[in-house]
Structures are given as C-alpha cells and as structure tokens.
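Next come two complexes built around chain A: one with chain B, the other with chain C.
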Partner chain A sequence: MLALDLLANGLIYGCFYALMAVGLAMIFGVLKVVNFAHGEFFMIGAYTYVLVSLKLGVSPWLALPGAAFAGALLGWLVERLLMRPLYASYASWGFMKDEYAVVVTFGLSLLLINLVDKIVGPYSFRGPPLVDIGRFAVGPVLLTGQKAIAAAVAVALMVALALFIKRSVWGLQIQAVAQNRLGASLAGIDATRTTSLIFAVSGMLAALSGALLAPLVNPSPDIGAFPAVKSYVIVVLGGMGSIWGAMIAALILGVSEAFFSVYVSYDYRDAFGLVILVAVLLLRPQGLLGEKGREV
Partner chain B sequence: MKPSRRLWADRLRFDMAAALAVCALLALVPLVVRGPYALGIVVVSIYFAIVALAWNLLAGYAGQFSLAPAAFAMIGGYTTALLGHYAHVPLALGIPAAVVATALLGWVLGKLVLNLSGPYLSLTTLAFAEIARVVIGNSHEFTRGDQGMHVATLTQSRVGYYYIFLGVLVAVLLLLYALLRGRLGRFMMAVRDDPVGASSRGIDVVRVKSIAFWVSCAICGLAGSLYGTFSQLVSPELGLLQQTGLVLSMVVIGGMSSLTGALAGALLVYMGSEWMRAFGEVQTIVFALLVILFARYLPGGLWGLVAARQRKGAP
Partner chain C sequence: MKIRAHWLAALSVAALASLPARAADPILIGVSLTQSPPGSVVQGTQVKDGMEIVKDLVNAKGGVLGRPIKLVYEDNQGIPEKGRAATEKLITSDKVVALAGGHQSSVCLAEIEVAHRYKVPYVNTNCWSDEVRKRGYPEVFNTSPYNTLVSSTMSTTLAAMGVKRVVAFAENTDFGIGQAKLTGEMLKQKAPQIEYKFETLDRSSKDFTAALLPLRANPPDVIVLSMLPPAAYLVMNQVYEQGLAPSPKTILYDGSSLADYPDFWQNVKEAGKYMLSFALYHPQMKQPPLANEVAAEYKKRTGNDINRLVLQAADSLELVIQGLRVANSTEPDKLINAMRTMKFDSLRGVSGFSTEPGYGYQQWLEIPFVNYELTAEKQPIGQTVMIQAPGQKFDPTKIIRPTK
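Right after this comes the complex of A and B.
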C-alpha cells in the first residue's frame, strides 16, 4: 500500500516538474540553448505569490495570476534584452553562441537570486495555502488539500498548454518556428515575436509552478536550484526540445524519485535524477521517445 | 602561414608579459598589506585566479564549456583531506595525490563528454558537478557531510602562504604559456574554432580535448587542495554551482581566451567584492549585472579593450 501512496505522490510531483520543464523544453526547441535561469522564474513566481497574498492581503487565488503575470513579464524581458544576439546577426561571440547563452543565463540566475536576497531578505517564507483542508486520506494515499488542489491546477494548465500548442494560431506558429526558423519567417510568421511569446509562456509556467508549490516548499532566494536541476533531467530524458517528451519524462521522474528515495536511499535522492541525465546524454542523447518525440 | 603565426605568438607573449607584471605587483603586496585578514583575501583571490586560469584553458582556448571547475576544486580539497584523515598521509604526498586524482577524474569526464557539445556538454558537466557535491555532502559517515573536514596546514604564517599561492600561480602561468605557445595550444584553438576542419587537417581532436580536460581539472584540483590546507577546512560549499558562476564571471569580465584576462578578472572580482561588502552586501548583484553586460556588449572582456588598443598602436 505504501507503493500506491508513493505512486500518487510521485505523479503529483511529476505534474509540478512538468510545469517547470515544458517551458525549458520550449526554449530549447526554438533557440537550442539551455536557460540556466529557469529555476529563478520558479523562484520569482513563488515570491510573487507569497508577497502578494501576505503583504497585500489578497486572496491566494488572485495571487496566482499575479505570479503568472510576473513570470511572463520576466520571460519576455529576458528574451527581449538578452536572447536577441542568439538569432539576430550580431558579430560578436559569433561561433560561440552556446557559450554566450550559458554565460548570460548563469549571470541572470546569480543576479535574480541576489536581488531577491537583498530586497526581500534571505529567510524563507511560508506561502498561504489555496484551501484550508488539512491532511486527508483517499484509500491508502495520504494527501493535503493544498497538494490535491495544486496538482489539479497543474493538470489543468498542462491540458490548456497542450490545446494552446495544438489548436491556437500562436501555438501553430510556435511549432513552425521550432521546426524551421527560416522557413517559418518565409511563410510570413514573425519569428522574433514568436520567440518572445515562447519565453513569456515558459516564464509564466515556471512561475505558476513556483506559486503552486510555495505553500509546500517555503520559498527562499535559492529555492530555484532544485526544480531547475529536475527540469534539466526531464528535458534531457524527454528528448531536448520536445514538449510531450518533457511531460511524460516529468511524470516518470516524479514517480521513480519517490520510489528511489524510499527503497534505495533518501540521502542520495538528488543525485538519482542527475545520474539519469548523464546516462541518457551518453547512451541515448535523442531522449526516451527519440525522433518521434521531436514534435515541437 | 608565417605572418599569422607571428601574430599569435606576439599576442601571447604580450599577454604573458602583462600577466607576469600583475604577479610582480602581487609579490609586493605583503610589504604594504600587513593585516592577516586583508592578506587572506588576496590569498583567496589568487586561489580563484588559478581556478579561473584552468577553466579558461578548457573553455576559452579549447572551447569545452565545462561547468565543473568548482567541483574539481572541491574534489581536490577532499582528496587531500580524506587521505590525511584516514591514512595520515602527509601533505607533501596529499597535495600531489589531489592533483593525480583530479587529473584522472578529469580525463574520465573528458572521455565521457567527448562527443557532446554546446548545451549537452554544459548539462553533463553540470550534472557531474552536482552529483559530486551531493555525494560528498550526504556521505555523513565518510566525509562528515556539510560540516566539512579538517585539513592540516602547510605553514601557520600568512605571508608564507601568500608566497606559496603566488608561486603556484606563476608556475601555472608558465605551464599554460608553454602549452599554448606550442603545437598543442594551437591545436586546442583549432578544435575550438572548427572541430571538423581541425580533424580534416589531421589533428587528433579526441586527444587534444582530453588533454585540455585533464590538465584543466588537475590545476583546479591543485588549487582546491591548497585552498583546503590554507583554510584548514574543506566543505561541499567549495563545489557549489554558484562558485562555478563566480569563476565564469571572473573570466568573462577579465576576458575569455586570455591569461591576463582570467588572472586580472579573478583578482578584480574577488577583491572588488570584498571591498563592496562595506556598502552592504551588493557585490554579487553588481558582478552578476556586470557579467551580463560584458557578455552582451563587450565579449572580449577588459583584456579585449587592452589588446585592441595594443594592436592599434603596433607599427
């Protein structure tokens, strides 16, 4: 029965991971770079949620869209100010495009962590829960109200994202730019605007993930590190750049981590995913789903 | 063929001369700075300079953007600490052992990531660094986890330590100079600029990459080992990703692919951040902002400015 409980909780964490990781996958799909500041989008979301609801006394349900807005704005700004040299023809860095991306996103991550540390303070906050339901049991599965509600919101967001990508005009444009940037612009799609959109969506999802987890993880300025590392693992496991691969890989990671930490070793649970990352990159760099998962 | 060869040799010689001039200035520091705390700060900044130079060899010259330099410094420190704690190995053997261990690990890592480039390489090395840190930080019985381990010290004298670090820095500079001036250094840059082109001209890309990896990692290990004996403590914090971020920012601010750039960048960033402490903990904010601005608008770093001026002034 413990196994069922682990499975359920693993799936729930998998949903949060997925919310984080799809944004990273989208960015990779379009620009072929890893955003090392992705964890800080999560952190900004968590802080916006906590501060808006605690300091302004707004209902947490209104703080959630606030966090989404903050994340989207941050993502858009990052793309606008820092990512343009990656595809506009700037002379400098030229062949060292990947390195430029590593340096600026690493620098951005340091900057955001320390800015928040300076402005808000280094202590961790406890986010107000979305609902006031304590621990309850569904059969053998132990849940808290917050966990259940947050997971439901996360699932709803994933479905919305899937519909957005598959059905909306903007989603189709995103797919087109990810497949072939030049081809897309020849077909009249504004590739620059689409890239901005991708960063905004990606920032929004990461921030929402942070906001939903805020009551469970007590945000502090460096809280972004752990979800970021998880999403690197997921993006690699799902095939770099694949949104569907990332969603599936997130659930797999959530569940297998839950089992690993109970049945193998709790201390080394954070190393588990990283070992998977290295193994996948070395043995199957195209990811679990391979080329088939390479849609988007 | 000939003129461009001279150009590179000239540029490297000028770079090396500037780096040695900085070292000469550093040698005078203990005459002026007497306080043990202030001297300690300069020692730590030399530690960072050594790591920055090592990382610059790998990333700046060989084009392998590893995110594990801090992890290798940590592994070097722990090698010496563990040997001293469990086997009572004296430092005279413990420090070389750290160099050998990190060189071997670096060689293995280099072999593993041989076919990876760009984001794949960054992620693998980052994962390696985090695995090393998590394992060391959580092996409570063996490494005492987050508490860190005590390490014996080489000498109690601050000034003595200062010159040990400075000596190692100069030795590392000379080694890098010899390496870069020769055939191997040019091969590294060829591999960085165009791996396919390099191998089509008969360069053994595999060999060049793995040499860059193990040499760079061994230098990081040596720096970490020495740092451990200096602070008499090694802890998993040495290998934090933030430390790698710091090394990265030093090299980017100072100037990638330049000896003086990495050296001066490390000294400026570390001492600058100590100086800025007085104005309330804003140093990391300032430097993170600087890194972004430099990467965006001045990718040659500070040394890029100097070098451009020197090239203009040359007849």
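Right after this comes the complex of A and C.
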C-alpha cells in the first residue's frame, strides 16, 4: 500500500517537474545556454495566478491563462532584450558569448526575486485551488482535488507540447533550429523569430507550472530556487536539450525521490537527484536521450 | 608654504576627529537582519518594524543622553557568512555602539564571534538555539526565547496529555534540530513511557509527503512541529491532506508560535484548525504601557495585530536604550556592565539576566508563555482556547478534538 502511495505521489510530482524542466531543455536545445532565471519564470507564474485570483477576485481558471501570458511575455522580453546580443551578428556558434548568458540570466534571477520581494512583500501566499474538492481516496492513495486536477492539466499540457513540436510548422522549425541554426536559416527559417518563440513557450510552461503548484507550495519570492534546481538535474539526466528525455527524466526523478526518501533517508531526499546526476555523468554523459555530439 | 599648509590641514582633521561626539550626533546601533532571500525575510521585516517603532518613539521624546538614536541596517540574507561580514562592517566601519536584532540561530552563531572579538554588546532578538548562550560570551544578551524553555514546556505538556506516541518534524537548522533533540531528552526524564522520534526536514523543500506517508498506517498521538514558515505551513497542509491531523486521534503541536505570523491563516486555512500552539504572546498577558504604545503604532503602520516577534525586536532595542541611560555612556564596557546589572523593564515584563553558565547564560529566563488551541479558521489569537494561561498549569481537559 505504501509503495502504491509513493508511486502515485512520485508520478504526480514527476509531471510537475516535467513541466518545469521542458522549457529549460528547449532553450538549451536551441541556444546551448542554461537559463539561470528559469526558476523565476515559475515564480512569476505562481505570483500572477495568486495575485490575479486573490486580489482581483478573478476565477482561478481565468488566472491560469493570465499566468501563462505573463510567463510567455516575460520569456519573449528576456529573449528580445537580453539574450539576442548573445547570438546577433554572429554567424557561427564558435563565437558565442556563453559567459554573457550566465551573467545576464543569473543577474535577472536576482533582480526578479528582489523586485517581487520589494513590491509584493516577503510573505508567502497560498493560491486558491482550481476545484473545491478536498481530500479523497483513490484506492489506497489519498489525493486532493487540486493535486489531481493540477497533475491532469500538467499531463494535458505535455501532450499538447508534444503534438506542437511534432506536428505544427512552428514545432518543426524549432526542431530544425535546434539541430542546426545555420542550416535552418539557409532553408529559409527565421531562426531569430524561432528563438523568440522558444523563450515565450519556455516562459509560458514554467509559469503554468508555477500557477498549478501555487496552491500546493505557497509561493514566496524565492520559490523559484526549488524548480530551478530540479530542472537542471532533469535536463542533464534526460540529455541536454532533449525535450523527450526531460519528460522521462522528470518522471524517473519524481518516483525515485519518493521511494528513496522513505526506504533510504528523507534527510538526503534532495541530494538524491544530484547523486543520480553524478552517476549519469559518469556512466552516460550524454544523458538518457541525449546525443554524444554532432559536427556540422 | 605648500608643505606647511598640508600639515595644518592634517592637524585640523586630526583635532576634529579627536573631539568627543557632539550633542546632536546620533548614537548608532547596528542591526544585521534578513532583508532578502534565502533567509527569512518575514522575520527580518517584523524585527525591523519593531525596532523602527521604538527608535521613533524614543527620538520623539528627545533621544538618549541628549542624542537621537540611528539604526544602521545590513542585509545578511539569512546566511551566516554574510552575517559575520555585516557585523564586522557595522563595528569597524560604521562604529556602532551596540548590535541588536539578531534572528535565525545559525546567523547569530556567526555574528556573536565578531561581537565577542571586538567586545561590542550584542542583543539576540530571536535566536532560539541554546548554543548562542552556551558559548558564554559576556557581550551577548538574550531577550529571545530559548530552546530549553520551549522543549521543557512542550515535554511537560506532552506528559500531561498522557500520550503514548509522538513524532516531531524538525527543520534542518540549529533551531529545529536543537529543539527536537532537547524535547526528546526531556521526555526521557519526564515521561519515559512516551515513544518519541523526530525526523529532520529540509526547510527549502516543498513536498514532504514522502516523510508523512509512513505515518498513515499507524498515526501518532501528537505530531510536533519544530519548524518556521514557509516550510512549516507546507508541512501542516500536507499533514492535513494525508488525513493525519487534526483527527480524533492525532493533534498537531507547534513549537514556534506559528499563529503569530501575519500570513499564517492565508497559508494554512483549514489545516490550522485544532492546532495546539506553544506561544510567546497572547492578549491576556500583562502588557506595560510601552507595549501597548508599540502595538498601537504597529497596527497603524502595518494594519496587523501586534505579535511576539515585533515585541521581541522592540525589547532588544529597548534593552540597549535603557543600558545607555544607566551607563550614561556609549563606551562598550560600561554599556555591557550596565545591561548585565540593571533591572530591565521589558515590554513583556520586568526581567534580569541570569549569570549561570550554559543555556541560561545572560538569558532572560522567565519569558512569559502560554499554550492555546486554534479552534476555528481565521481565528484571532485573542479568541483561541487557552489551555495554559500565563503562569498557570497546562490543563489537558480543555483540549478540543475534531469529531471525525
């Protein structure tokens, strides 16, 4: 019974982790840089959801797209204003200013945390649930309405993202730019616009993840640290830049963390992800679905 | 001529620097607190609020020794190394006469080393770890609650409740682990029949379900929380979600006055109902006029009701101010001596400092406390059910449990 409980809980959190991490994987896949402000996209989504629904009295179901819009807008602005100098005027990746990306996204992360702290305040807010259903049992597993609906929305979003990437023209363009930016440009794809799109989608997914989790994690200005660390582990575990790898790795991490904390030690629950990370880097450096390397 | 002019200028500067502080020069008091994450900005904000109010009240009445008080703030982010650097800067660069406002035990433990090295008075506002006192530094004065007081009270309470099994969740800090360990040791003496264990939880974590699930098969009689917000709120919510507490069998017992925090009910909602709380403030406690004045001003400035942390912060600055008056000097050694020997008219009662080595060293030992139970959602503290009134015995028959 305990094992079933752990499995269910691990899978639910795995879905949330996946939603957080996929955006990070997409950005890495295309720009080959790590967005250190990814956790703050999550935080902005959580705050937008909470403040719009609590302070403006808007239905949580309407606050959810509001959070998605805020995340997408932030992602688009970050790409347009901060990230574009990274690749603009460089034809080859060999000249990319990687250190610039680290500094600018890390700085952005600190700026956003402190802005929210000063403007909204340091107190945490529990977001309103999407459905007014308290706890209920599914066999031996106890769930709450919010947890169940948030996990269902997260799964629906992952399926929608998978279809978008596989089937839509924009999704194919994203794949092309991720494989070879120069080649995609030669084939007539606007790589700059595609990069903007990736940042907007990445911001939207992280913000939605924050909004869905807002009733469960009580957002405060530094809430972004938790999803960010998990996302970095997942992206490396799944294979840097691999969207499908990130999804699988998120589920693996969610379930294995749940079992590890009960059967080994709760104290080292969060360290467990890092242990997996080290093991993967030693045994399979390219991650679960990553490529060993590509020369074009 | 040029050389002589330089000499004259240098001599003038030296002469000016050697003059005693002018009457209008402010007395500088250093405050190192958490104003930005990852530390507890919630605590830092309340500490600052309490100290600002006292400073303004004192300055409005002419200040101390004919000089206004000025608070010099440094943000330590709740990080011990930053606290150490902030304290060093406040003492050596800003030349503060004393430090107050310390909160978060791990930061205090780093800061008192610096205060001790420079022999500058340091008032601990809210660092509960006994270790802060056990180091025996004569510069460190503790108006803060301390873990031995809380653990001793909680173990007495648990013994009086006649429970059989207790599980404690402690955050992974000096405060949390210290309190949980101490409660276990005291239970061994007071009620050895109680089966007690504690689990350490990472305060930065967001999902504690895995730590709670094993309890569902055999829930304990009491779940003790030695945790601070926001992690404490998450644990409470997840304990409720898992159906562990509140229940007819299991009660939640908070060891850090959680209901005092202005964001408590917003974050816990129904999970806070039926929680038993060890608390350091209740409107039924006797309040001197200054405490009422601070409470009214706090309400005016923030819209919130007064709570124990704001009073503790006000108290720690008030201690320095009374010390300055008694010493009639800003010299550190005279100030330390005055603070040690004077009778301190605290905002929470008259007090003095123990000189016994150990957890009680330079600690105000008789800090008033209560135990109350929250019996309705969004219940103001004044309407809670008093299980142990100030100075009275704990009465377990008053505890109300949910029917299902």
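Everything that follows uses one rule, which is that the second predicted complex is superposed on the first by the 281 of 296 C-alpha atoms of A that agree within 3 Å, B and C clash if a C-alpha of one lies under 4 Å from a C-alpha of the other, contacts with A are read in each partner's own complex, and residues count from 1 in each chain.
The working rule: a contact is a pair of C-beta atoms (placed from the backbone, for glycine too) under 8 Å apart; a residue touches a chain by one contact, two chains touch by 3 or more.
All values reported here derive from a predicted model rather than from experimental measurement.
Undergrad: Could you classify chain B and chain C on chain A, in the superposed arrangement, as clash or fit?
TA: Clash: chain B and chain C overlap once superposed on chain A.
Undergrad: Can A:225 be said to touch chain B (first), chain C (second), both, or neither?
TA: In the superposed model, A:225 contacts both chain B and chain C.
Undergrad: Just checking: does A:2 make contact with chain B only, chain C only, both, or neither of them? Give me first, second, both or neither.
TA: In the superposition, A:2 touches chain C alone.
Undergrad: Contact-wise, after the overlay, does A:144 reach chain B, chain C, both or neither (first, second, both, neither)?
TA: The second partner, chain C, only.
Undergrad: With the two structures laid over each other on chain A, which partner does A:125 touch: chain B (first), chain C (second), both, or neither?
TA: second
Undergrad: So in the superposed three-chain picture, is A:109 touching just chain B, just chain C, both, or none of them (first/second/both/neither)?
TA: first
Undergrad: Check whether A:267 is in contact with chain B, with chain C, with both or with neither, and answer first, second, both or neither.
TA: A:267: touches chain B and chain C.
Undergrad: Would you mind checking which of 3-11, 21-29 or 39-47 on chain B runs into chain C after superposing?
TA: The stretch that clashes with chain C is 39-47.
Undergrad: Touching chain B in one complex and chain C in the other: list those residues of chain A.
TA: After superposing on chain A, chain A residues 114, 117, 225, 267, 270 contact both chain B and chain C.
Undergrad: Contact residues on chain B for chain A in the complex?
TA: 59, 63, 65, 67, 112, 116-120, 122-124, 126-128, 130-131, 134-135, 138-140, 193, 241-242, 245, 248-249, 252, 280-282, 284-285, 287-289, 291-292, 295-296, 299
Undergrad: Spell out the residues on chain C that touch chain A in their complex, using ranges where they run on.
TA: Contact set of chain C toward chain A: 36-38, 41-42, 44-45, 172, 199-202, 204-207, 209-211, 213-214, 216-217, 229-230, 233-234, 237, 240-243, 262-263, 266-269.
Undergrad: Which bits of chain A are touching chain B when the two form their complex?
TA: 28, 32-34, 36, 82, 85, 92-93, 95-96, 98-104, 106-111, 114-115, 117-118, 225, 229, 232-233, 236, 240, 267-268, 270-271, 274-275, 277-278, 281-282, 285
Undergrad: So in the complex, which bits of chain A are touching chain C?
TA: By the definition above, chain A touches chain C via 1-2, 5-6, 9, 13, 113-114, 117, 121-126, 135, 142, 144, 147, 213, 216-218, 220-223, 225-226, 257-258, 261-262, 266-267, 269-270.
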